[in-house]
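Below you'll find a set of structures to go through.
Below are two complexes that have subunit A in common, paired first with subunit B and then with subunit C.
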Partner chain A sequence: MEFDVIFGNAARAGLGPQAAIFALAAIGLNLHFGYAGLLNFGQVGFMMLGAYGTAIMVATWGGSLWLGIPFGLGLCVAFALALGIPTLRLRSDYFAITTIAAAEILRLLIRSSPATDITGGPFGLQAIANSFFDLNFLPDGRFGWGTFSYSSNQLWVMIVAWILVVLCSALVLALIRSPWGRVVRAIREDEDAVLSLGKNTVAYKLQALVIGGVIGGLAGVIDALQQSGVGSENFEPQVTFFAWAALILGGLATTVGPVVGAVLFWFLREGVESFIRELSEQGWLPDILADFLDGAEGAISIALMGVGLVALMALRPQGIFGRRRDLHLGT
Partner chain B sequence: MSDTTTMRPELTEAALEAAPPGRLKDDPILITFGMLKTFGGIRAVDIDHLEIERGTITAIIGPNGAGKTTLFNLLTGFDRPDRGSWRLDGRSLGGQPPHRIARLGMVRTFQLTKSLSRLTVLENMAVAAQTQRGERLERALLRWLWQPEEGRVRERAEALLERFGLAHMVDEQAGTLSGGQRKLLEMARALMADPTLVMLDEPTAGVNPALTESLLEHIRELNAEGVTIVFVEHNMDVVMDISDWVVVMAQGRILTEGPPQDVVANEEVIDAYLGRPRDPADGEDAEDA
Partner chain C sequence: MSNARSLRSVVALVAVAVLSLFLFGSAQAQDGEGEAFSGTLRFGGEPVEGVRISVVDAAGEVVGEAVTGADGRWRIELPGPGTYRATIDTDTLPKGVMLRDPERQTLEVTVTAGRSRPLIFALGEPVSRGPNVGEKLAQAVLNGVKFGLIIAMCAIGLSLIFGLTGLINFAHGELVTLGAILAWYFNADTFGAQLILAGVLAVVVAGAAGGGVEFSLLRPLRARRLGGFQFMVVTIGLSLLARHVMLLFFGPDRERYIDYALQAEWTFGPFAVTPRDFTIMVLSAVLLIAVAVFLQRARTGKAIRAVADNPELAESSGIDVDRVVLFVWAAGAALAAVGGVFFGSVEAVDWLMGFRLLLLMFAAVVLGGLGTAYGAMVGGLLIGLVTEVSTVWASPEIKAVFALGVLVLALLLRPQGLLGQRERIG
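This part shows the complex of A and B:
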């Protein structure tokens, strides 16, 4: 059994742009739920708007990428306001339901035939990231060795993505440690108490929603850049739940939790998948099981991750970095 | 108020004469007109007129379900009346959201204590400060704009916590406090918001007798500093001890109001509408369960 291959694949996934993209999405969710107590089940909607806004500006309208990215993030702000203004005054479950529905409706709209002229419909949009790779100052050729061998452009995406992860983590940390963040965390504990102290809680929740949504939008922008294109199949609801899984794995309301959670999520997901594939290839599995698993390694991996997450909730419900005591203090 | 008598014929005319509800005050800080709130068929609050005199301690008493908490919710904007208007210092509050009413100086506490569990005791206090401009998002990252104020906020918070015997808990998470300590913290927090009128919903429920004594002392001190206090209370000893004025509610209405001696002398009122005074310790526990 080639454990080095398995480990190599897993580590590559843990370092890769996907992990950074999910880290960004999870950082946004952490601000939403970990700090502000907002149950956002539509984070993928923000990612999609960031990605599509950027791509539409470049591929459809022939604009500059540097206009496209702010346009995509601007759409995220608009989406946050459209989601939040009608629902944040209501009980929190209304908001949660709205987010998941809105994100999926948005995806269906984007891939619908009337929208094809703008969004590319089911075909998506391509060739959008040239200006981004023009900025790549790394020399041509390959970097690293073995499994960890990257092309210049791949490495460029990863560097930019991880820098953004660090910047966004630092931004959220600074916000949360400010008096603004104190009010936001107080709202998570008891909104009425904070209202009674003269704070406009709806405005704070809306601000937190916008900021976390824009960070999610940034995840979408990176996704569009690294593929140099967008496709609606990349923005199905499970993306949100993977980001949630990463966040819960790492620990809510911590700075490194969402980042480590995302790395670990991709490491495990790819590791388990490789492991199952290795098992079949080595003939260690009975034929009937091997046939059954053939081609389904990805799905099985996800299923096992789900079981693992349940086990984690039983053994360490606060996640890797969370404080256990906090769980007992929750209201 | 004549329909009060028809609704409750056992109330003697003499009793009402002694202390008719809706009495006008010399210098009212809060005036309420025609306040009605119904839940389904229940008239939870139905008050024609109520005035709170500035600078006094007013107790609101009445049996469970009398509408005391609902009245608080209405006055502080946490619930909307079916009809009615009210004014704080001449400013109309109808339709105003609760945070704006709090900023105008009317700050309330809750019958079921609301502590911000995963924030420290100090953070609980700091959230109530009205002077921290770093609470605005656009200044949140400009640390030098709010850092100096943090020091002043901390000083004020510590002084208040000292008064309420919570100084040793400053950096503890509020969720680790006992029920009584949370009650104290909630009151200290309300004061941190610098109110002109404080509305305390059962401040002594669940607080042990020794702490209750010092809590009442704080209420008196506060009042001496010019803060007007309205509080809901089931413990008649407490009511007699510190209130200047007592408002008796039953079934959403104001039955009578007056100085504590007069109201308590009105045995009929007490027996019919207050029942036996409750032990101060059992109220909160029963509701938390």
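This part shows the complex of A and C:
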């Protein structure tokens, strides 16, 4: 068994662009739920708008990428307002259901045939990130050792993405320590008490929703850049669950939780998949089991992720860095 | 002898030459005539004379006109290859003669170089091509009721579990899939059991699975005083696990049950329904009524409503809340599995069917009033109707958008749901 191959694959995924994208999505969710108590199950909708806004500006309207990114993030702001103004007055479980539904509405609309002229429908949009990769100052070739290696363009995406992760983490930390952050956290603990102090709690929650949504939108922008395209199949509701899994694993209401959670999430996911691939190729297993495993690593790793989530809730519900006293947030 | 043979070969050669000349000539003749539209107008087998037909090019310029002769024939020469629109002047048609399809008064046709294209303007009694809007609407309403009943049945458990324990069960869709897939295994794969037997077996197993999850996992976790959010995450984990284990064993393809697959439709006026779908609708309605009667009359049913209303009060008045919750999990899972078997029978079985249905179930329970059984029924029916009726006007690929749109609208206008109480939404 080639453990260096498995470890290399896992490390590549754990530090790669996908991990940075999920870290950004989880940072947004952390602001939403960890600090403001908003149970957002539609984070993938924000990612989708960031990605599609950027791609539509470039591929459909022939605009500049540097116009497309703010356009995509602007769509996220609009989505947050459209979602938040009607639903933030409701209890958190209603908010959860509305957000998951709204994100799925968006996805179905984007991939429908009437929208094909703008969004590319089921085919998506391609070749959008040329001006981003033109800025790549790294030399060509591969960087790294064995399976733990990246192409020049991947590394360029990673540098930008991880810098954004650090900036967004710092931004959220600064916000949370500000007077604004204290009000938001107080709303999470006891909204009525904050209301009685004369604060407009809905406005604060709306602001948190917009900021976290824009951070989720950034995740989508990076996703569109690293693939140099968008496709609706990348934005299924499952993506939101994975971002939640990363956040919960790291720990809610902590600064490093979402980042470490996303790294670990992708490290474990790719590690398990690579392990299963190796296992089925080794020839140690009886044929019937090897045949079963062949090509099944994706489903097995997600099924194990489900087991992991249940086990985490049973054994360490606060995650790695979380605090036990934060467990009864929001609901 | 040799002379005769050579003569014969000369004759043959000449014949070939003449024939090829003839063929070539005719081909040339066709080329020479250039591009044209032509046709013959007939009504009931008789030629129709004096009807004007005109042709315009892509720019809208009239390029030719013709009036049909005594034999009904017409022909319009075209200036060259391209796309043209030929229009029949219906005012010049004799009295009582009309186009069979009024929408085909103008035909847009592309002509390639050197071709003469025959065009057919079919005259006769107008027959509707496909169902009209009214018939489509009737059929969509029927389909909507069918899917609505199934969604309602699937969603009762979801709503009651929320009502009893405050838990949004993200794994409820997987109970639907589990029922459908188990029935497929019993029916089409291993045992070859008849679908009704297979379905009953699947429902029993799925009900046991639902009860098992509550008994062996959620109840111990509740004793650890986890928050509502952590329970939600547990159900997300269960849903990921169950869905992908089913994918592993069942595979990504859509499958159908063996029984009742192909049936002739019964038609009642504008409604057409297969005996299978009719039976499913009747059974669903009977089951829903049975659930309602059970909740109103039976001891356990009353206990369920009491716990849903106020768990502490119910517990203090001697109701065993844990037992009630266990019962609701098992019964809700069984109902979801029934819905899965019905849905798999009407459409097809696949590993993602329940997850796709979950969002519609969410819409149904919120629309009807989160936590109430009757709300799930009303909401399910409405969601089924909205999705299917939308296909009369909109593309079927976005029909779920309308259901989810109704959900968002309902939250704006009446967030407590149609049958919910205002105080429940906090």
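The working rule: the second predicted complex is superposed on the first by the 325 of 331 C-alpha atoms of A that agree within 3 Å, B and C clash if a C-alpha of one lies under 4 Å from a C-alpha of the other, contacts with A are read in each partner's own complex, and residues count from 1 in each chain.
Quick note on the criterion: contacts are C-beta pairs under 8 Å (C-beta built on N, C-alpha and C of every residue); 3 or more make two chains touch, one makes a residue touch a chain.
What you see is a predicted model; the values in this text were computed from it and never measured.
Steric overlap between subunit B and subunit C is absent once the structures are superposed on subunit A; the two fit side by side. With both complexes superposed, C is the one of subunit B and subunit C in contact with more subunit A residues. With both structures placed on the common chain, the touch criterion links A:M313 to subunit C but leaves subunit B unconnected. By the touch criterion stated above, A:A186 is placed in contact with subunit B alone, subunit C being left untouched.
In the overlay built on the shared chain, the residue A:G144 is in contact with neither subunit B nor subunit C. Applying the stated contact rule after C-alpha superposition, one finds that A:P70 touches neither subunit B nor subunit C. With chain A used as the common frame, subunit B approaches subunit C to a shortest CA-CA distance of 9 Å. 328-331 are the residues of subunit A that lie in the contact sets of both subunit B and subunit C, per the superposition on chain A. Considering their complex, residues 76, 78, 97-100, 102-103, 107-110, 114-119, 123-124, 126-128, 130, 132, 134-137, 139-141, 143, 146, 150, 173, 175-176, 186, 189-190, 192-193 of subunit B touch subunit A. Those residues of subunit A lying in contact with subunit C across their complex are 33, 39, 86-87, 89-91, 93-94, 96-98, 100-102, 104-105, 108-109, 111-114, 237-238, 241, 244-245, 248, 292, 296, 299-300, 302-310, 312-314, 317, 327-331. Across the complex, subunit C meets subunit A through its residues 162, 166, 168, 217, 221, 224, 226-234, 236-242, 244-245, 247-248, 355, 359, 362-363, 366, 370, 395, 397-398, 400-401, 404-405, 407-408, 411-412, 415, 425-426.
Contact residues of subunit A toward subunit B in the complex are 171, 174-175, 178-183, 185-186, 188-190, 192-201, 207, 325-326, 328-331.
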